[in-house]
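You will see chain A twice below: alongside chain B first, and alongside chain C after that.
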Partner chain A sequence: MGRYILRRSLQAVGTLFLVVFVLHLLTTFAIQLNGNPALAFFGDRVPSASQVAAVEARFGLDDPCFDQVGNPCLGPFAERLAGYAQGDFGTNLRGREVTDIVATAAPNTLKLFAVVTVTWLVMGMFLGSMAARWRGRPADHGIRMTSVLIDAFPIFVLLLVYRYVFSVPLSEWARSTFGSDSLPAQLFRPSFDADHAWASVLVPGLLLGLAGSAAFIRLVRASQLESYAGEHVRTARSKGLHERHVLLHHVVRNSSVPVVTAVGLTFTEALAGAVITEGMMNIYGMGGVLWEAVRGSDIGLVIGVVTILAIVTVVVMIVVDVAYAALDPRIRYE
Partner chain B sequence: MTAVGQMTTSAPTGGTALRAAAGETLLEVEDLAVEFRTPDGTVRAVDGLSYSVRAGETLAIVGESGCGKSVSSLAVMGLLAPTARITKGAARFRGTDLLALRPKEHRRYCGEHVAMVFQDALAALNPVHTVGYQLGEALRARHGVSRGEARRRAVELLDLVKVPNARQRVDEYPHQFSGGMRQRVMIASALAMDPEVLIADEPTTALDVTVQAQVLRLLAEIQAERTMALVLITHDMGVVAGVADDVTVMYAGRAVEQAPVREIFAAPAHPYTRALLRSVPSLATRGAAAGAGARADAKAAGGRLDVIPGRPPSPGQVPSGCPFHPRCEVAQDVCRTDPPPLAAIPAEALTTAAPRAAACHFALDVLGGARG
Partner chain C sequence: MGRWTVVTATTATMTLVLAGCSGGGGDEDDGGGGGGEGATVNLSLGQDVETLLPMDSNVGDNISVLDVVYDGLVRYDPETTEPYNYVAESVESSDNTVWTIKIKPDLTFQNGEPVDANAFARAWNYAAYGPNAMANNYFFERVAGYDEMQGETDDDGNVVEEPAAQELSGLKVVDDLTLEVTLIGPFAGFATMLGYTGFFPIAQECLDDIEACSVKPIGNGPFQVSEWNQGQNLTASLWEGYTLDEAPTTYDTIEWTEYAGESSWPDFQAGVLDLGSPPPAEQAAAESDPDLQERYLEGPGAALTYLAFPLYKDGPWTDIEFRKAISMAIDRQGIIDALLPGQRVPADSWVVPDGVPGGEAGTCEWCTFDADAAKAALEKAGGWPEGETLTIHLGQDETEEQLFKAVGDSIQQVLGIPYTLDPTPDFFANRSDRAFTGAFRSNWFPDYPLNENYLAPVYASGDAENGNTNFGYYGEEFEAAIKAGDEAPTLEEAVTRYQEAEAALATDFPTVPLVFSVNSYYYSERLSNVVLDPFSGEPKLRILEVSDAM
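On to the complex of A and B.
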């Protein structure tokens, strides 16, 4: 097991390096084609040559390779890696540390994630198990129809509809009925409020979780159906075990392997969804920060945030892989 | 190969006081019929099957794939697929009709009184639980045995089925066992609750020939020790010769011949049984064939192996009349129209007192022909 974790961790470091390198190549290429991002620092003002040079120096954009299209700019890349090694993820255009920005934004994202993960895990496991248990019955058909229906509404459509059709009237109604500081009024706010972080991420989180759970429901159903048909389930029944015991220890337990794999996949999906959700619901989180950084050409911030998100993703993947091995002994002993 | 003589002698009356006395009828299946719903309508997989098996004795149910032998035992265990339905019949364990019980109560008899060994141990054991967990699982869940005690019993069970190094192997997973050892684990798992009746569904089919013999010997030993009733489902007449006391030959969901093992090997009364015996490779049947046997075996032993022409009918398209008539070498016109009932053979046609039955219009001719 120890060796397995070590091997996966080494692979993860390799993956991370690749992500960072590709990210560097893409941004470098963008700078080379689109012109100097240091100009974004000055907004509408026209800076003098010395001012531009000073800003370029400050953000590490003074290397001549940024003017040569196609040059991979390995020098600045090495410098950045050296910075990462010391925990220095650079600054945004206003000189604020990326780590500092992430430290304030991340908790809101984590809250959103918590709501999302709980929603789709509960929805997926519950509805998926129900559909598998009553295969071919009305409950099964209903659940499958619902999951396809959810899939037909992408997250941004769900959010748009919620925000413009439901959120405003609901929050107005809640404010007039329960008072403007009441919980219902906070729940249906169309935008984020840092003072009521949990309340304002709840509904967007539920919606994002719902969108993610659609595919998850079908996966849980399929993997449990496979377990149901398994001969080991028949063996368990032949021992005279209670159906509930058989279900838990031989069906759900055996179908947990693909389900855990899906947790990793859905996590990354939720990450992408969070960027959209946070952007649309004005939630100040990682996604929101990234959204703003991209719009403001804040290259340093984009690279820093994406790198941190990549690290988080890779760590989640390792956790999933280790859980996978813990759940299925056949993988452990490969 | 003196296996026949050795193993058909009735088991020593050992075991605990709770054990059934050898000879007591433990499981009695009567007129069992099972239907399956398929896209092409319902098909009858088992049609009026009856058999009984006594403590300390082995009944072999023999037939080709799809003849309903596995389905009938799954019905007894209450493990049929949702598409299957038991349309009539009873399966009495010590007088209690298991099929008349509610599913939950039926389940309670499983493992405790009637247990089953499945064919493919790799698939039948759960890959994500240790062998020890699976052996002790029922004891823990049903008898509230503690974890440590269940583990101790698991080690005992592994010792019982002669898995070497049981103390260490109890913590391993099924995929770490060889095929033969895995089948032993499967047997141990069925024995965990000390059942009185063991149904073994082709327990050696997936194994090498040498390992097959070991596993069968083990089964016979354990059965004798515990005075268990054993229902051995197989398609292998060689296996039957080795361990069975009585034989039920099935064809197209029906029993076509029922007789003690010696009599059936000496003189089959149904053309299908005769054809089955001829199609066994000579090495495996040497013991049986030498015992006087179907004369035709001499031919098989000398040269090419006889095969039964055609294929067994699929349960959806059973021929009219006797289901075996398209493949039968003695079929007459009557066989195409009238299905023969499973009828007792008159005592005067028999050489021993043991009753036997065959479902053939010409059973006496076949029997006489075999005696030559």
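On to the complex of A and C.
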């Protein structure tokens, strides 16, 4: 196991290097082709050459390679890597530490994702297990039908309807009934409130979780059906084990491997990809930060954030692989 | 049995979530409260606020925060935008070149340091020093010694020579409360500029740690920033040591929530925010709500959108008749009604009427829609070259693309000139490289409330051969009138001279004014005495009142 983790970690370092390098190339070319973000600093005014030069220096774009299309700018790349190696992820264009930005944004995204994951797991395990348990019965048909319906509603529709139709009257009612700082008032706030992060992230999280749960329900149902038909379950039953024991230890546990994989994969996706939910509910999270950074050609921020995301992804993938072994005794790593 | 696990899991989650909520809610003070002591005003703020350093703040959002955190030498009348002395005892000059600023005695920063001549000098020198790359650097271009503080660059933009000076030679601290400023030439509007964010003073402690000061300012105004979670929210509370008189009496805390884009409207509707303006899609619904209409304020905005031409390049646009034809072919009111009802007004002048001293409506003779006159003017100009397409260059902005598509349609419909839009992220670079091959969108938002600011920075260059960078325009009469204004003995007379400059511009007609912005806000039932600053368009927070009713 130890050797396996070591090997995976070495692979991870190589992957990270590649990710950072490719990103560096892409953002460098974007600046060379799209023009200098330093000019946007001046808006509609015409800056003098020395003013532009000063802002370029401040933004860390004063290396002449940024003006030469096709130049891979290896000098700035080496400097950046050296910084990363020392844990210095640099700053955004206006001098705010990337780690500070991530430290503010990531907890919000993680809170959102915690609610989403719990919703997925609860919906997926509960409805999926029910559908598998009563296969072919009305409950099964109903649940499968529901999962198709859920799939048909994109998340932005759910959020739009919630935000513009439900949240305003609900929140007004809650504020006048329970007071403006009460829990219900925070729950139905039309947008995120950093002072009440958990409360204001709950409803959007539930909606986002609901929207993504359809695939989970079907996944759980399919893998449990396979377990029900498995020989180990038949053996367990024939040994006279109690049905609850069979279900928990032989069906649910054995069908959890694909579920863990899916959670692991979607975790990393959600960390960067909740752009729509974050944008609509005004949650200051990783998706929104990345979105704005790309729009503003903020190379330092884009690469810094993506590198941090890539590190998290790689770590989560290793954790998921290790979790397999815990769930399925047949899986062993050497 | 499967149900058992699920129920346990659900209960656990709910407990966890509820614990999280009450934990978050418990330490919060009374956010919505009543008026008087302890009342809070809840406002929205753009998420792109990066700094609260006065020398580096030049977007609407950080300016409106700094307006209550810092006091400037002068402040502007909320009705007329005319400047009056505030931190300054007097601002005087006999020749408009050497200005003597006397500062009121016994004023301090929020950390106890004195607000004296040095406090201004250190801020201005820091801003003017090129390598600091401050957003408000250019405001000091008129002060003697500015050029020596900028580095020299070669054609590729590489610094070849470091600045020779670290301080403005035109800035002299005469005594603790007297500052003498020498300009490179006479400028009657200098006192007007002094109320702008870029001229605020800073404490020595701020200069010693600029980074800390840019997120937690040490101001001299009525409010003190108590907390800023960058990207999320900003709280400021009344500073007890404030000795001047412009401070609110009915509330003591302002909480700004930061929003990305225009997403704050539902929060206003729900009563979370005290001020709001609807996104275009919600505009009609808001207008048809009688309750909301009672709490609506509207006033002219200061931002001008206009159409410019590459006068530095040969083309039909070098003929004034052609420019007149284009201008008269644009149905400004029709376009606004169709696209942005209530959010813009047609422009028929280069300086916003009533928004700043000297602004007058109707200075543009050819800015009204007249299809027949437009066709006649085009004919006089020799028509549009057969088979050519008029390109309209602009930046990438959804609203502007819609607006200029409508402008193009209007031109095409009336004059039969085919057009194409060129929205590009390189807009600013292309403009300074003079790379445009057709008409292009232009915006101007003035930096200080004086009609001169709509004219000189945009059109004057003193370069008769090449004209100004953006359009290649040069007008002798225009330049002379601007110069006469700069040298005028009083501000009133200067304003009149600048009006003559606008008239000269109207005769030369280098650009086509299209629309002015409109300032509007809805406000909550708790607020009264809501006054929009005609210049910035933001509510004047210092005179705002919060009532107990909630």
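Rule of thumb we're sticking to: the second predicted complex is superposed on the first by the 311 of 334 C-alpha atoms of A that agree within 3 Å, B and C clash if a C-alpha of one lies under 4 Å from a C-alpha of the other, contacts with A are read in each partner's own complex, and residues count from 1 in each chain.
Note that a residue touches a chain if its C-beta (ideal position, glycine included) is under 8 Å from a C-beta of that chain, and two chains touch if they have at least 3 such contacts.
All of these numbers come straight from a predicted model, not from anything done at the bench.
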| item | value |
| --- | --- |
| Combined model on chain A where chain B meets chain C, clash or fit | fit |
| More chain A residues in contact - chain B or chain C | C |
| First (chain B), second (chain C), both or neither touched by A:E56 | second |
| Partner chain(s) touched by A:V118 [first = chain B, second = chain C, both, neither] | second |
| Partner chain in contact with A:P47 - chain B first, chain C second, else both or neither | second |
| First (chain B), second (chain C), both or neither touched by A:D151 | neither |
| Chain B versus chain C as contact partner of A:E79, first or second or both or neither | neither |
| Partner chain in contact with A:T235 - chain B first, chain C second, else both or neither | first |
| Gap in Å between nearest CA atoms once chain C and chain B share a frame through chain A | 15 |
| Chain C-contacting residues of chain A that also contact chain B | 243 |
| Residue numbers on chain A that touch chain B, as the complex places them | 230-232, 234-243, 245, 249-250, 253-254, 257, 327-330, 333 |
| Touching residues (chain side chain C, partner chain A) in the complex | 1-6, 9-10, 13, 17-18, 20-25, 28, 30-32, 47-48, 50-51, 130-133, 135, 137-138, 150-153, 156-159, 211, 214, 229-233, 257-261, 263-264, 266-267, 269-272, 425-426, 428-429, 431-432, 442-445, 457, 469-470, 550 |
| Complex contacts: residues of chain B adjacent to chain A | 77-79, 107-112, 115-116, 118, 120, 123-130, 137-138, 141-142, 173, 175-176, 186, 189-190, 192-193 |
| Contact footprint of chain C on chain A as seen in their complex | 34-36, 39-58, 62, 64, 67, 94-96, 100-101, 104-105, 115, 118, 121-122, 125-126, 129-130, 133, 163-164, 167-168, 171-172, 175, 179-183, 186-191, 193-199, 202, 243-244, 247-248, 252, 279-280, 282, 284, 288-289, 292 |
